[in-house]
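Chain IDs A, B and C follow the sequence of writing; residue 1 opens each chain.
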Amino acid sequence: MRFSTLIKALQQGQAGLKRAEVGGDPLIASAAALDQARSDQLSFLEKGNALTSAFGNSAVGAVLLPDQEDLIAIALERGLAFAVLVDPRLAFAEALELLHPRRRAQAGVHASAVLDERAVIEPGVSIGPRVCIGADSRIGAGSVLHPGVVIYDDVIVGENCELHANAVLHPGSRLGRSCVVHSNAVVGSEGFGFVPTARGWRKMPQTGLVVLEDGVEVGCGSTIDRPSVGETRIGAGSKIDNLVQVGHGVTMGRGCALASQVGIAGGARLGNGVILAGQVGVANRAVIGDRAIASSKSGIHGEVAAGEVVSGYPAIPNRLWLRCSAAFSKLPEMAKLLRELKRSTAQ
Amino acid sequence: MRFSTLIKALQQGQAGLKRAEVGGDPLIASAAALDQARSDQLSFLEKGNALTSAFGNSAVGAVLLPDQEDLIAIALERGLAFAVLVDPRLAFAEALELLHPRRRAQAGVHASAVLDERAVIEPGVSIGPRVCIGADSRIGAGSVLHPGVVIYDDVIVGENCELHANAVLHPGSRLGRSCVVHSNAVVGSEGFGFVPTARGWRKMPQTGLVVLEDGVEVGCGSTIDRPSVGETRIGAGSKIDNLVQVGHGVTMGRGCALASQVGIAGGARLGNGVILAGQVGVANRAVIGDRAIASSKSGIHGEVAAGEVVSGYPAIPNRLWLRCSAAFSKLPEMAKLLRELKRSTAQ
Amino acid sequence: MRFSTLIKALQQGQAGLKRAEVGGDPLIASAAALDQARSDQLSFLEKGNALTSAFGNSAVGAVLLPDQEDLIAIALERGLAFAVLVDPRLAFAEALELLHPRRRAQAGVHASAVLDERAVIEPGVSIGPRVCIGADSRIGAGSVLHPGVVIYDDVIVGENCELHANAVLHPGSRLGRSCVVHSNAVVGSEGFGFVPTARGWRKMPQTGLVVLEDGVEVGCGSTIDRPSVGETRIGAGSKIDNLVQVGHGVTMGRGCALASQVGIAGGARLGNGVILAGQVGVANRAVIGDRAIASSKSGIHGEVAAGEVVSGYPAIPNRLWLRCSAAFSKLPEMAKLLRELKRSTAQ
């Protein structure tokens, strides 16, 4: 694709094209990080990008830049094809879609799929080999089910969803439009609810629903449990990375982002736009306000206010935690000094 | 179902029915949490339940209560149908089973299942689509295998087990009666054993067994490894949540409960009734006594005595940890005070 | 197998046989830990092994020993069959392979497998039931694909690989020779890359590769993501345990070992021979030098020098961390002492 063709497409995009210099209008075959790019590849930079220093020596063919004079000056001096955008990262995402158009799955049901006679398959659905769909389950128009997906009875999948290989949807799963469930993820599994009795743990039946609103994405191997009653709900546009556990009865607002290996215990409530970094844990019935952020490995009990940034376990405000952590590594010195002071005051 | 019918069933149950007032004998269609219940729904309260305050305004149709005068007074005043029980949570579990009877899987082998000719299938087993069963493996009477389950050679599954979609059982897996393996869990996988050599890591063959005693439950995506020699053993009635790792050669007693994302390294030994909260880690060869409890994210080395409650990493007694954690957030102040004291004593 | 036969095999092995006493040349049927071994079983000891004290009373039939006089003396006194080796653990691995020879999977494609017409299957490959292989994917000679494996389009699997049940390989996966992917693992899944926009999270297309060099092993349920551009690379001979997350664009050197539930965020770089214990987290773009070791639950930001041993979160040198952790449990006492000192100096 010529760079000029790409520019025309970016003009229609959301990234805010401000300027374009097509230079020799190079043929762009693919994309790469700036320090590894070849002359037929596209790269991007944004403010504060660690690769900025690589720009002067990069063999890159064309580059998407933020509106930053020093970078534009380098591009001009080197006679590079470039574009200036309000959001060069977003432009790069748009460009990657153009350079690597997704192959549209063919509609139809593979001969090896096993569909219950009471399953409802809307038009334009693609059902791959070895998919199983249970009774009273419905697959929305345009959805794609990759090989080995298992859908139990009583599941609703909205339009244009994509379910990757070997993903499993249990009874009571309710997916909105344009959801993505990645390989080996499990949605709607039984919550971990047991009643202690004299004879041991007795299962609390888990009869509720799991609702994934529109545009939710569930990463590989992640598990979203259904509750005993009521629902587990993931708000529209929330994105969940790999190997995340969402317990029974959790509710999560819109546009949250949960990094890998996060665990959220039963009944916790997250607002809109909450960001949890890797390996964060959230305790039973914790409440996290809108746009709060927890840094990696934090453990959250109780309540986190909207907009707060927390760290550590138990989680405390991030700035305080940074200072406490720095002090932690000084603890042996502090203990020694304390002993000395005690001796000197005892004299 | 009329509330009076439910009451008759609870009389036969284990929850200790002490009193029942059927009021208008409402039709109960399902169950819900007290703050969300409608007039055709059942709820429950127990001592200290956070929803107690919602009771006065709840639209609930009938409620299961502990023997607590204030709650009974409200129920009587509102003319509600209610029952008083020794264990209202257990009664709620029993009621949920009545309200949502499990559809019994039909016995038989789906045409798309692939069974080795040396596999043994006992009577009344239900084998779903695309299940594979290897040579010399045996499936006990009444067990249910959901779609996509893979059973390698040399596996024994006891009676009335349930194996959910895409679960995998490796050679040497030995399941007792009434075990449940949830979707995408893996039992009997090779332990992570490698011998360092001049040429790199050399695999230690993992030739042992994994024994799940009666009533063990393994959560979605959890992995239970087999050891090089001997066995990994999970005691009767132990319950394991999602995404838990149990390493090779671990032994666990009866009635343990492991929350999500717990990791237990090779050779650790857990007694009976041990409870590990979410994301706890247990190191190689650690020993945990009966009924010990570890709070979330704890890391356990060495030994934990029976009945102890531990927290933190490295794990220390919970009460001490609470005080240490509180002090941790005061560390910058402490460091400052220490500097001041040093200055003042130096004068 | 007679012990003398085993000895002959060990002479050809890599473990450095220094001496052998066949005694009554017992028949060895299998192997066991020293404290559980019977007279037809083989065990081993190495320097500092915790089971050394069990040696005197063990019923073991034959034992592999390090060159340690006290152990040899016990073996001689008891008239045991034994061998002395430079590396008795390695010898035990070799012996287990002899005692439990792996059943060679039969070459051929099961009738229920679904292969795209543009898939390339080299000679001697074994493809189990219900395997799916997409277009333009190639399976190297001698590889074994267990039931339910799903290989998307555009995947290359080298020679003599083993893919366990229900493992999934996504487009852009490139496996070298003799790789093992365990059950329910996912290789080449989409990296967790989203661009924040006014309309919510917008997916950054993940168009790169995942390269597993020769001899890499990926544990059950682990996930190795592909990046937006460039590659995620796992160096030759690196071993990854269960439920590990390797983010998009991570590069890892040769011979690394990652224990269970480790999480490595996007773009981190690990050198050769790095060892990460269970539940370690590595942040975005962290850099870990050759042969560095992180103890369990550490959290690594920034840089770790070659050969360093780190612990804690944020990770600090292990020795310092041990002292700091010991001091942590003394924090309440320290705080009390500090208050007292303050009072006494204030007077």
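As a convention for this text, contacts are C-beta pairs under 8 Å (C-beta built on N, C-alpha and C of every residue); 3 or more make two chains touch, one makes a residue touch a chain.
Keep in mind it's a predicted model, so treat the numbers as computed, not measured.
In a view that ignores chain B, the other chains are joined by touching into one piece.
Residue numbering shows that chain A and chain C use the same positions for less than half of their mutual interface. As a whole-number value, the distance joining the C-alpha centres of chain A and chain C reads 27 Å. The set of chain B residues that touch two or more partner chains comprises 112, 130, 148, 166, 184, 221, 243, 261, 279, 328, 331, 334, 338, 341, 345.
Within the complex, the chain C residues that touch chain B are 14, 30-33, 36, 50, 87, 89-90, 92-93, 96-97, 99-100, 103, 110, 112, 128-130, 146-148, 164-166, 182-184, 215, 217, 219-221, 236-237, 239, 241-243, 254-255, 257, 259-261, 278-279, 296-297, 325, 328-329, 331-332, 334-335, 338, 341-342, 345.
Contact residues on chain C toward chain A in their complex (touch as defined above): 112, 114, 130, 132, 148, 150, 152-153, 166, 168, 170, 184, 186, 189-190, 192, 194-195, 197, 199-205, 207, 221, 223, 225, 228-230, 243, 245, 247, 261, 263, 265, 279, 281, 283, 285, 299, 312-314, 316, 320, 323-324, 327-328, 330-331, 334, 337-338, 341, 344-345.
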